[in-house]
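Each of the next two complexes has chain A plus one more chain, namely chain B in the first and chain C in the second.
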Partner chain A sequence: MKQRGRGIACMWYPIGFTVLANPSAAVVKVNEDGTATVLTGTVETGQGSLTVLGQIAAQELGIATDDIKMVSADTDTTPMDTGAIASRTTYVTGNAILLAATNAKEILFEVAAPLLGVRPDQLEAMDRKIQVKGFPQKYLPIGEVAHQAQFVKGRPALGSASYNPPTVAMDPETGQGKPFSTYVYATQVAEVEVDDETGEVEVLRIVAAHDCGTPINPTLVEGQVEGGISMGVGLALQEEILFDDDGKQINPNLTNYIMPTSLDMPDVEVEIVKNFDPTGPFGAKGVGEPTSVPTAACIMNAIYDAVGVRVTDLPATAEKVLKLIKEKKAAEQKQISA
Partner chain B sequence: MSKKAKSATKTETIDGLKTAAEGAQLPSVSRIEEHSLLPLTPDANKQTPAVGQRTTRYDARPHLTGQTMYIDDMTFPNMLHMKILRSQHAHAKILSIDVSEAEKMPGVVATLTGREIPVNSYGPSYQDQPVIADDRVRHHGDPVAAVAAETEQLAKDALEKIKVEYEPIPAVFDPLEAMEEGSPKLHGETNVYASKVIKKGDAEQAFKDADLVLEKRFSTQMVEHVPMEPHASIAMWEADGNLKVYSSLGRITLGRADMARTLNMPMSRIRIIATIVGGNFGGKNEITSEPILALLSRKAGRPVKGVYTREDEFMSSTTRHPFIMDYKTGVTKDGRILGRTVRIVCDGGAYCSWSETTLGKGAILSVGPYNIDNIHVEAHAVYTNKTMTGAMRGFGAPQVCFAYESHMDDIAHELGLDPLEFRMMNAFGEESPSPTGQVLESVVVRESLETASERFGWKEWQK
Partner chain C sequence: MMIDVKMTVNGQERTASVAPETTLLTFLRDSLVLTGSKLGCDVGDCGACTVIVNGNAVNSCLMLAVQADGKDITTIEGLSDFEHLHPLQAVFEQMSSFQCGFCAPGMIISAKHLLDKNPHPSKGEVQEALSGNLCRCTGYTKIVDAILELTSEEASAA
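Here is the complex of A and B:
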């Protein structure tokens, strides 16, 4: 018979390297038509990070995402970056790009201020305009200011900056220290169906509530969560590299190494938990890795809720779950007969 | 004054709806008033402010239309293809390697063995991994020789002609056995190559004070990242003597440093260009075959491409660490956690890679997002003669989260508490001290528990 169960798991996860420096540097060039080009050494690995970084630069310059051209990942032409690792890109590279954009913007303000008859600190960049704070009727289009900066004042609006998350080294004896600048938090809840005659587990539904600080792009946050959950389902139920007695892998191929396909995916419902981290770019932290952290745990707790067995060794294959169910039944019978 | 008036008119053109004829006007720097910015439309990519917009990814169109260039799509004139011969043993001395028969094959242009690599070691924490094994193999995925040939098939055929003489030595596959004194050693005197301790308060005293103490062992398996695009690179030497590498690396800055080290040449002469990567998940954070491609390319005087097969990917790239975790927790009757000890043994495989850092992160996170005053965590990374483990999405966290959250449910059941309530009771709040004593900020554990359980319908849920 199929038995239903629910399970919950929460987690915390840091952004950036453990104590070690992991800087990012960036260059932001405002072009003379008011668009901008960002140079970054980070690598787009399919998660959409370049789009998120473009949005950060656009926000600071008061222009739109499509007004940004991202140039990335060339050791000769782009500034150094620690790379797409440790869920750090939005936070660390994002902060570097934000600072570089601020520097470029300062030049625009200095050029625009006399034209608008105010001080640079009275200006803001918004809706593709450099405008007077509290008096938005008084403005210049950003393209005109950038053009003036380059061709009239001879000061191209260019900014460069770097960022490294602040940490405090850990004591080698006790581990006490501040290894990370910030952390994210999340909870996932799973609903499963366990066939108590075969041990097969089907994950029906996962609700995932993730904190990432400000979601720079909610669609890409949701995409990360869905992808992370698919990896979590694989870790929980299916995937395992197996070795023979001589230490040779026996399933180094996708025929015998079983990964979740779209048919194995539960319904995923994503909630972005409201949060704002003042140390992140526009309050953002990160989301990449944490998405796959609590999935296996909540599925194991749901299996326990469904059939009363505790899987202590991943993955929870049908064979393993069935064995535990049989052991539990045998123990119960023994108890009754005793 | 006229300047201001002029710009005001212009902005109307930018912000307002343009007629078809105006929209078709080409951008022109000389006529900046009608510059290339498109009108603001409901399209998220054209909206300000940009943050928070559900914009379409810059690479959406090329991805969707199949036009994204991955390494495997790239080709250069006279480009050769590389294949790697891997070890036949989990642990053995290499007595000799004979590539002469392979070199005689038509279409084979160059071969490479470990002795030809200027500095044959690399690794992010310890440089314990050879680019190509030269005197000893430590797992079945170790490369022992490489071939560059006119086609992939010819390179693959040539591998069969390479003769390697091995002297097998005892191997160890179980991390707990590997920790024992008499076990076969992979590098140096001990297989334990990294240890981490986190200590706060007095966990033993907490267990004495507790109403209930629960203990359990949890373990996890080895898994692969399985990116859709396997590791792939192309190396070529330019006329000015500089090296250019197109790579699927996720960390080009580190990649260049490792290349400079292994090839013993200045960084300024190495250029690494990463393409859009077809999935990384932590598996492409360090060099793999890039120095091999560079050296084969130098020997052949032609560009050389290397794309891992799926089998290469499984056998020789990094994987997720299997963890063995012993948890012990003391609680009061009403559900307050007094103390927790955690002992982690991390199966590091044949080389360190990112194990040292994975171990550290796993140890810090292993206690869970809970306020516990008395903590003792002890974690060790251990060499075994298996596929090396390294960085993978979560860096030790999925393993420890599986353990601490399973353990939390077990405790809740023992105490007759609702698992959600038990977590709410103990979860970190704003300014909670972490296990390492850090004052935590922007903490939303409880909020995430509430949000997820409400959306799920935790309270109303029935079997």
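Here is the complex of A and C:
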């Protein structure tokens, strides 16, 4: 008979490691046509980080994301980046780009201030304009200011910066220190159906609530969470590298290394828990790896809720689950007869 | 030994002389330079090479070019022109369905094949139709959602 169960799992995950140097750097150049060019060493692999980083630069310069040209991942032209690893790009590279954009913006403010008859600190960048705070009718188009900076003042609107999460070394006496810059939190709930005659587990639904600070691009955050859950489902129920006695992998291709297909995916509901981290760019932290951390745990808890067995060796294949169910029934039988 | 083949690819008649062991995928990619169809696993597991042959979605890595002789082939390049995206491509773009994109050509072809046969599929039918196309990034969620979005739009427009 098919038994239903629900399980919950929570996690925290560190963002911006500080044990080793972990820098990102960026160059932001505001062009005379009002666009901006961002040089970053980080790599886009489809997660959408260049979109998010472009949004960060655009927000700081008061222009549209479409006005940003991202130049990435070429060590001949861009600063070196620690890498698209450790769920660090939005946070660490984002902070570097934000600082570089701020530096370029300050030059624009210094150039625009005398032209608008105010001090630089009375200016703001918004709607492709450098305008006086509180008097938005008093403005210069950002491209015009960049032109003035380049050709009249001889001070091109160029900013460069780096960001390295602040380090607190471990105290050898107390063991205390600060190994990571900030943390994200998440809870996932799984609903499963376990066939107690075959041991087969089907994940019906997963609800995932994730804190990533400010979700700079909520659609991309959802995409990361959905993808992470599919990897977590694979870890929980299907994926395993098998070796023979000589240490040779016996399932080295996708015919027998079984990963989730569209038919294995549960209904996924993503809840982004909005939060603001004062150390992140516009309050953002990260979302990549944390998405698959609680998935297998909540599925195992749901299996326990459904049929009362604890799977401690992943993946929870039908064979393993059925063996545990039989052992449990045998133990119960023994208790009754004893 | 070379064998002459003649087939229609994306509406154009193409002829070539191929080695008998040449797969349809290798022929499309190397001889016709239609590199949209991807070489993933090369053993028919991943679906990145999916094309439509006489109305059937096939893994082009598992079919020989000579087997496609005289047949009608549609690849990802045949879905759009420089001016217009295919409605499936447009809805996938709009809903940010793909991430790294490697599975996308095969996924889009499988989705087109489904909608050609069944314009108003259920969610289960969509999942079934895409089950031969592996994706490691997206969890398939926004891909399935986009296809259902497109078919419900068309239903409400009709």
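A few notes on this one:
Simple rule for what comes next: the second predicted complex is superposed on the first by the 332 of 338 C-alpha atoms of A that agree within 3 Å, B and C clash if a C-alpha of one lies under 4 Å from a C-alpha of the other, contacts with A are read in each partner's own complex, and residues count from 1 in each chain.
Here is the rule we go by: contacts are C-beta pairs under 8 Å (C-beta built on N, C-alpha and C of every residue); 3 or more make two chains touch, one makes a residue touch a chain.
In this text, all values refer to a predicted model and were calculated from it rather than measured experimentally.
Shared-chain residue A:S262: touches chain C; no touch with chain B. Residue contacts after overlaying the shared chain place A:S230 against chain C, while chain B stays out of touching range. By the touch criterion defined above, A:L254 reaches both chain B and chain C.
After overlaying the two complexes on the shared chain, residue contacts for A:L220 are found with chain B and with chain C alike. In the superposition on chain A, A:G199 makes contact with neither chain B nor chain C. In the superposed pair of complexes, A:G48 makes contact with chain B and with chain C alike. Between chain B and chain C, B contacts the larger number of chain A residues.
Under the contact criterion defined above, the residues of chain A that touch both chain B in one complex and chain C in the other are 45-46, 48, 219-220, 228, 231, 253-254, 259. Interface residues of chain A facing chain C in the complex, by the touch rule stated above, are 45-48, 219-220, 222-223, 226-231, 253-255, 259-263, 265, 268. Across the interface of their complex, chain A is touched by residues 41, 43, 45-46, 95-96, 98-101, 126-128, 130-144 of chain C.
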